[in-house]
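Letters A, B and C mark the chains as written, and numbering starts fresh at 1 in each.
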Amino acid sequence: MSHQGKIAAVPAGDPMLPRLFRVETLRRELSDTVTLTLKAEDGGAFPFLPGQFNMLYGFGVGEVPISISGDPAAPDVLCHTIRAVGKVSSALAALKPGDSVGVRGPFGAPWPIQECYGSDVLILGGGVGLAPLRPAIHAVFAEREKFGNLVILYGARTPEDILFFKELKAWRSRFDVTCQVTVDRVTGAWNGRVGVVTQLIKGGGFDRPHTRALVCGPEVMMRFAIQALNEHGISDDRIYLSVERNMKCAVGFCGHCQFGAAFVCKDGPVFRFDRIRDAFRTREL
Amino acid sequence: MSSRDDPSQNKAVIDRDGLNGLIAALGRAGYRVIGPRAVDGAVVYEPVEDIGDLPAGWIDDQRGGGYRLVKSGEALLGVTLGPQSWKRYLFPPDQRLWQARRDEGGFTIIPEAAPAEPFAFLGVRACELKAMAIQDRVFGTDAAGGFADPGYVARRASAFIVAVNCGRAAGTCFCVSMDAGPRAEAGFDLALTELAGQGRDGEEKRHEFVVETGSERGAAILAGLPQRAASVQDLAAAEAVISSTTAAMGREMVPGVEALLKRSLEHRRWDEVAARCLGCANCTMVCPTCFCSTVEDVTDLSGSQAERRRKWDSCFTLDFTYIHGGSIRRETRSRYRQWMTHKLSTWHEQFGVSGCTGCGRCITWCPVGIDITEEARAIRDSEGTP
Amino acid sequence: MAETEGLKLLLKEAAFFQDFDDATLNLIVPHVTARTFDAGQYILHDGDPADCFYLLRHGTVAIELAAPPRGRLVLQTLTEGDLLGWSWLVPPYRWSFDARAVSLVRCLALDARRLRTLSEQNHDFGYALLQRYVRVMAARLTAARLQMLDLYAPMPVSNF
């Protein structure tokens, strides 16, 4: 299993030692999701590639892998969108500006931005899965002329759970991108689409033999999304997904994130689907 | 350095006094000498001060789910493998990674101080040398992922290794079929072959060790010991020891196991072994190459000091694969399959070698005697049958 | 006739009708009319006879259910290329949901009674139509199941 792209500079020395960062701002995105912007205590920048993640450490509580959700062209500020689902993520989501956070990273194989040059790009996100995709969207916009059509499809639970609402609106208003949003269920007034995100694929906007798809969301959603993408003529070797597994070290030492022969922390989390298709379909691998 | 080109090169013979001298010389050179000791009915790796600490006259009787020491012969190193491996020292079961202290600005990380005095490992078997080389690929500077564990690298580089060529095959060994022994080929500073009580007609009983040099620092230590040159008969006797051990293997791993397991992920044998497996994780604890770990973050009562510890973990635990909502590998079947297919199959893809050295510990220390050679054979023999 | 040819072209635009041969399309076209609905207008009501089904060409339609006291609940929205309505295939041929035009909707209305009769008389035709409609319903069922799973739901916070 080889890396699928370049990996940004890794801190030399002990990969288990965190670097200290301070919370600059905290933005509440949803009832259970916040975006933290962090700045390094030593003032240094944090270059990363879209799709990579960090291990974030909350003092005395623990560490958890969180995808970087910011703009790779703005490495002075480190951005993480955190959903409170466990003890550590809840503690991180409760941080205030000025609080300290330990950061180890960046880790992992990134979204294949260069491989998408010359292709139509279809970005398919579900729930908080839009967060690891946002840096890829920034990267495509940054070199917009190198890509064909750009289609962003996003599904959320309810209208109140639409992540990055303002940005989605801004993307929708651009002339060089197609952006569709749907919700699984409606609460109150909503004139938009209702239904699973896979149904947005048939809306087209992409030239199937020249399209690459980047997919991120709950595993069941990704499984059905890939099926729908196949039905719409996009083959497995043109579909990339971001996989999630238990991680304790993020550097291939602890063994927890193994998925077949792959270590999700270093061979992933972004995988080209044809390379992990068999593993993906094996129950409880 | 190959000992086959000129057999008498870099080989000497020392006696029991010489071995004592070796332990003392290593101590004077600043090493903590660790060697086999019989404690509570098993052979463990603990500090040794002289040959009196070694398990003289003991051998081990091992089988699936069974281990005991019995008195037999006079060899000092007649035992083979106990429940511990050298990973206990190179990759400690519990280590502090760093501490953190709250201050006005937030908190500060305090890294650990430099490692303690180096180890000298006395009595490292060929399979154990191979296990160390395997773990080097996980944690070392040329590790597959590009990350190295500096603590491991430092401990490994400074460790002085006195290997020993096994005089017997224990009941569960299969190093030959894993190409991991019984001859210690490389990766040692000195290698011993014990010739105990060997007396042919007319020859007097003796207790000596043929010593092979494997490095410059090994040669330097050996130079200070009372010794004599190895004669042709000494070398022949040493070879005979290795040959007889090689011939005494009671088990073998089926060839082609890497590909076999890769295509057998849904074989019904996994259900059968799962019915026996207790998920106790003994196999992973005694295995010399298993490297899984977890981290633990703790604070003191005041909440102002925290530390992060790294501890051995096992893929057999239910929460090993926990992500929010539940574990990926819920069934024992999936966890057993993970361990065995990792060890014998996917390890190749990850690290370029097999993860198994044929040491047999997992068979001996499994409370229900599950034998991976038997499981592999059963999968192969029933492949394709409904 | 120009109008018939025009309708046939519109039918063929839709993925659903794309692989029908010309002869079969000629059987269907006489029973097709172009319709337009204003935003907010109801296209069909729960309980009404399912005499017509629709191929959406432009706009968004919400499948709705009145569920007192919670009010009107939108279950799913359909857009260009989607087929609206399957109760016309299942006795007693009455709609089980409401369908409301969310935006201006342009569609083709197909006469369900005529097509049912045609299918009974011409089993080959009936099979071709049903075979394709089953796929549409399978996709709706899968989508409904995914919605049921509530995949983006928050997890109970654990201690791990």
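Basically, a residue touches a chain if its C-beta (ideal position, glycine included) is under 8 Å from a C-beta of that chain, and two chains touch if they have at least 3 such contacts.
Keep in mind that what you see is a predicted model, and the values were worked out from it rather than measured.
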Average the C-alpha coordinates of each chain, average all protein C-alpha coordinates together, and give the chain whose average is closest to the overall one.
-> A
Out of A-C and A-B, which chain pair has the most contact pairs?
-> A-B
Computed distance of Cα centres, chain C from chain B, in Å | 67
Rounded to the nearest Å, the gap separating the Cα centres of chain A and chain C is 35
Chain A and chain B: spacing of chain centres that average the CA atoms, whole Å | 41
Chain C, residues touching no fewer than two other chains | 155, 158, 160
What are the residues of chain B that contact at least two other chains?
-> 322, 324-325
When you check chain A against every other chain, which residues touch at least two of them?
-> 85-86
Using the touch rule from the top, collect the residues of chain A that touch chain C in their complex.
-> 32, 83-87, 90, 126-128, 155-157, 161, 182, 184-186, 190-196, 198-199, 202-203, 217-218, 220-221, 224
Hey, which residues of chain C end up touching chain A in the complex?
-> 15, 60, 62, 73-77, 79-81, 102-103, 142-143, 146-147, 149-155, 157-160
In the complex, chain A touches chain B at residues 1, 7, 10, 13-18, 20, 22, 41, 57, 59-63, 85-86, 98-100, 102, 244-246, 248-249, 251-256, 258, 260-261, 263, 266, 282-285
So, in the complex, the side of chain B touching chain A is made of residues 97-98, 100, 102, 105-109, 111, 138-139, 143-151, 265-266, 291-295, 297-299, 303, 306, 308, 310, 313, 315, 320-325, 328-331, 333-334, 338, 342, 346, 349-350
